[in-house]
Amino acid sequence: MVFEQLTGNLFQGLVLGAVYGMATMGLSLIFGVLKVVNVGHGAFVMVGAFITFWLFSALGVNPIFAIPVAFVIGLGLGLFFYYTVIQRLIKAPELATLLATFSIGVLLQEVVKLIFGSEFRGYNWTVGKIDLGLTVLPVSKLLASLGSVGIAVLLYIWFNRTRAGSAMRSVVEDSEGARVCGVNVGAAYAWSFALGIGLTVTSGVLLTMFIPVGINPYMGGGYTLKAFVIAVLGGLSSPYGAFFGGLVFGLIENGSYTLFALLPGVEPFALTRFLSFLILLIILLIRPTGLLTRK
Amino acid sequence: MKNQVTKYYPMLPVLAAYAALFLIGRNMSGMWQLVAMLLFYCALGQAFNIFLGMTGYVDFGYVAFMGVGTYGMALAISRLAHIEGLGAGIIVIGFVLAVLMSTMLSIAVGAVALRLRGAYFAIATIGVNEGFRFLIEGARIWNGSEGIIFTAQLNQILGREAASALATFWADLFVLIIAVAAALVTLIYMRSKIGYALTALREDEDAAKVMGINVTKFKIIAFITSASFAGLVGASSWALKTPYVFPPEVFEIHYTIEAIIIVLLGGAGTLLGPLVGGLIYGISKYYLSIFIPGFQLLIFAPIIIVIIVVFPEGVVGMLKAKTRNTAAGRFIV
Amino acid sequence: MTLLQLDNVTKRFGGLVAVDHVSLEIDAGQFVGIVGPNGSGKTTLFNLISGVFFPEEGRIYFEGADITRMPPYKRAPLGIGRTFQIPRPFSSATVRENIAVGAMFGTLGKKLTVDDSMDVADQLIEKLDLTAHREKAAGTLTPVEKKLMEIGRALAMKPKLLLMDEAMAGMHPSDIDQMVAFTRQIAEEENISIVAMVEHIMRAVIGMAEKVIVLHQGAKLVDAPTQEALKDPKVVEVYLGGSGGR
């Protein structure tokens, strides 16, 4: 019984993990290229969630179509914040970008709170359920998960098969070398930041499929923490590492929740959140460059 | 000897400002509530500045130290109330426990995080407040998510009247004392080798190391000092003013955000900065709450972004640069 | 008396061997020039001596004690000071404070109060002719002034060994002569061994160095008294390009 429940939950964890992974790729991309830690990450996830909510409840737009809208808005936000803030801080002490991205996150929260208020919101997109043997899964969750994998694959192709993508990769590996080879490093920075934010906002769309009534201006904080756990699992500067980190994290989260629920006298939900923090500290202690990376 | 005295001249404007705040609060009717809030923000800024300002490292989980400090006071009062004859001494025990608990947490966090540089340090701290909150709730430590309510115990020990005076006056006075003490410690550090070591490591950690500076040691000193003051602020401004503690409230990242705003606004790493930042932020928040309650961060988030980009030295930092080598400069640090 | 000894020291970065089985000895009070083109492993060698990196192989001794894996902040109080290729001032602090930091944590660090350190700084500022800049923030200095200040900061440590990384690069020839005279005077007065690292065989350094060590691709090519080293065919090969070069 417990075993069946565990395998079912682990499978669900894998489904959610793909979305988590996709939701962290933007964070890793930005760190990899610009060496900027986007401490406001979760707020961009939140923006994606509100775009989905608003499109669905005000205009009746299918959440699937919210994906391109969120991506384009994310690109726009990314370019805007890059040129107004980040670009001016590239050479400043690290503290400056940490505090700036943090403040950008706060700003987004407050703007969304001004527009939508601070109560929890949700929307109801029912497309049925599907029995996968191990567990019964709402089709919406399955679509979000498959969508995440699809986006990760598209990103892989874009990185490896296009000129812009390989320019960006060369900046990750050696920004001075790339400059010498004629890559416009400034543009690569701007578009990497924009792409990273675009991916993050898009992930907010997909995440709403898992949180029926959890859309709130302050929902991002939890995702920032999760994203950091995932990013250090997979290596902070590798978007693919982040994707696999997400899968691992999904498994850990659902697996530990199932096991904690068996313990008497504890609150499994809170303990699971504590565990993710503990994992973050342990990885940072033993291998800050990430567990899934080669040396 | 005279030199030793002039070194501490910058304490004069600090003391004058806090004395003025106190007098305004006591003598102008209806002002104490505002003064109490300003004292809280100034104390929070003074405490946070010792770490953020002096080391250039940012601890996004800083509120956790205020949280455990609040628990220290709450535990002392709720668990020791039955002991006869403690009287007001229980408050002293509470403060001691608050310092001990925040120090212990800072050692635990620092042992992991302070080995890490820059961004990785920030990542390690970002979940400390949430992590600790969920540990308390998840493992049902100290009543878990139900928190601790100790109004009855406080009334029983001190009597209803004294307990009320504690909440409306003495707690705020303690905050004032904590703020002054934090400022004094900041200045003592600045004038000692600790301050020079911290400046060196903030500007260039690798160069500081080969200059013979044990950077980890000095970071830990600043971290623990800053954390224990945060514990004291929590214990008096939260536990004594409102005799209950709930995990989601005392580990709320909102207070870390406010601390960052205050320190940056006033000038990170300066003595007067947190005072100036605390006053500007507190007064703005107070009056903004009349027109647009709850939206002060909507105003301050863009202001802070502008400060980071355009004048990272903050208000006092700019004043300091302007008054360098003048008579006034001796007081502005 | 041998002050510093490196015994078969190797440092690798990934597959790249930055310092390749280097052994050398530097005597107390000796002036040594380390010469080598960019990428020859000079800076890595300095980083190994000052403790920024630890070597994979070999041992490092200072005054006979093994310091191979000693953290950098413990080496400075023993008497190892250094300057950097590109000056690294503590920008927001004044020139005086920068130099005083050297005194505070150097060999006399434990005995000096903050005020004593400021006195040490004032003396050096005068010697280095930086009096006009005493209260300026170090970040606002010109590159040459920063270099001077950094040398002052290192000297304030009262080191026994001073590692100077391209200390005179970018300076005007007349400034170099002045700098050389000053460094030499201090070194003699205080019996400091100076290891000056330069990319090219500079007249100024050669004029002072008792010994020249030439590094090439991480390995020691030549280690000989200056006049001998200059005539060594291997040095001529590396520096004059051998056959068919320029």
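Letters A, B and C name the chains as they come in the text, with residue numbers starting at 1 for each one.
Everything below uses one rule, namely that contacts are C-beta pairs under 8 Å (C-beta built on N, C-alpha and C of every residue); 3 or more make two chains touch, one makes a residue touch a chain.
The structure presented is a predicted model; accordingly, all values stated were derived computationally and were not measured.
Of the two chain pairs shown, B-C and A-B, the one joined by more C-beta contacts is A-B. Chain nearest the geometric middle of the protein is B, using mean C-alpha positions. Rounded to a whole number, the gap between the C-alpha centres of chain A and chain C is 47 angstrom.
Between the Cα centres of chain B and chain C there is a gap of 43 Å. If you average the CA atoms of chain A and of chain B, the two centres end up 32 Å from each other. Chain C has no residue in contact with two or more other chains. By the touch rule above, chain A contacts chain B in their complex via residues 31, 35, 37, 39, 85, 88-89, 92-96, 98-100, 102-104, 106-107, 109-111, 113-114, 221-222, 224-225, 228-229, 232, 236, 260, 265-274, 276-278, 280-281, 284-285, 288.
Contact residues of chain B toward chain C in the complex are 3, 191-193, 196-197, 199-200, 202-204, 206-215, 269, 324-325. If you check the complex, the residues on chain B that touch chain A are 56-58, 60, 112-113, 115-116, 118-120, 122-124, 126-128, 130-131, 133-135, 137-140, 144-145, 253, 257, 260, 264, 295, 297-298, 301-302, 304-305, 308-309, 312. Contact residues on chain C toward chain B in their complex (touch as defined above): 50-52, 71-77, 82, 84, 88-93, 97, 100-102, 104-106, 109, 114-115, 135, 153, 157.
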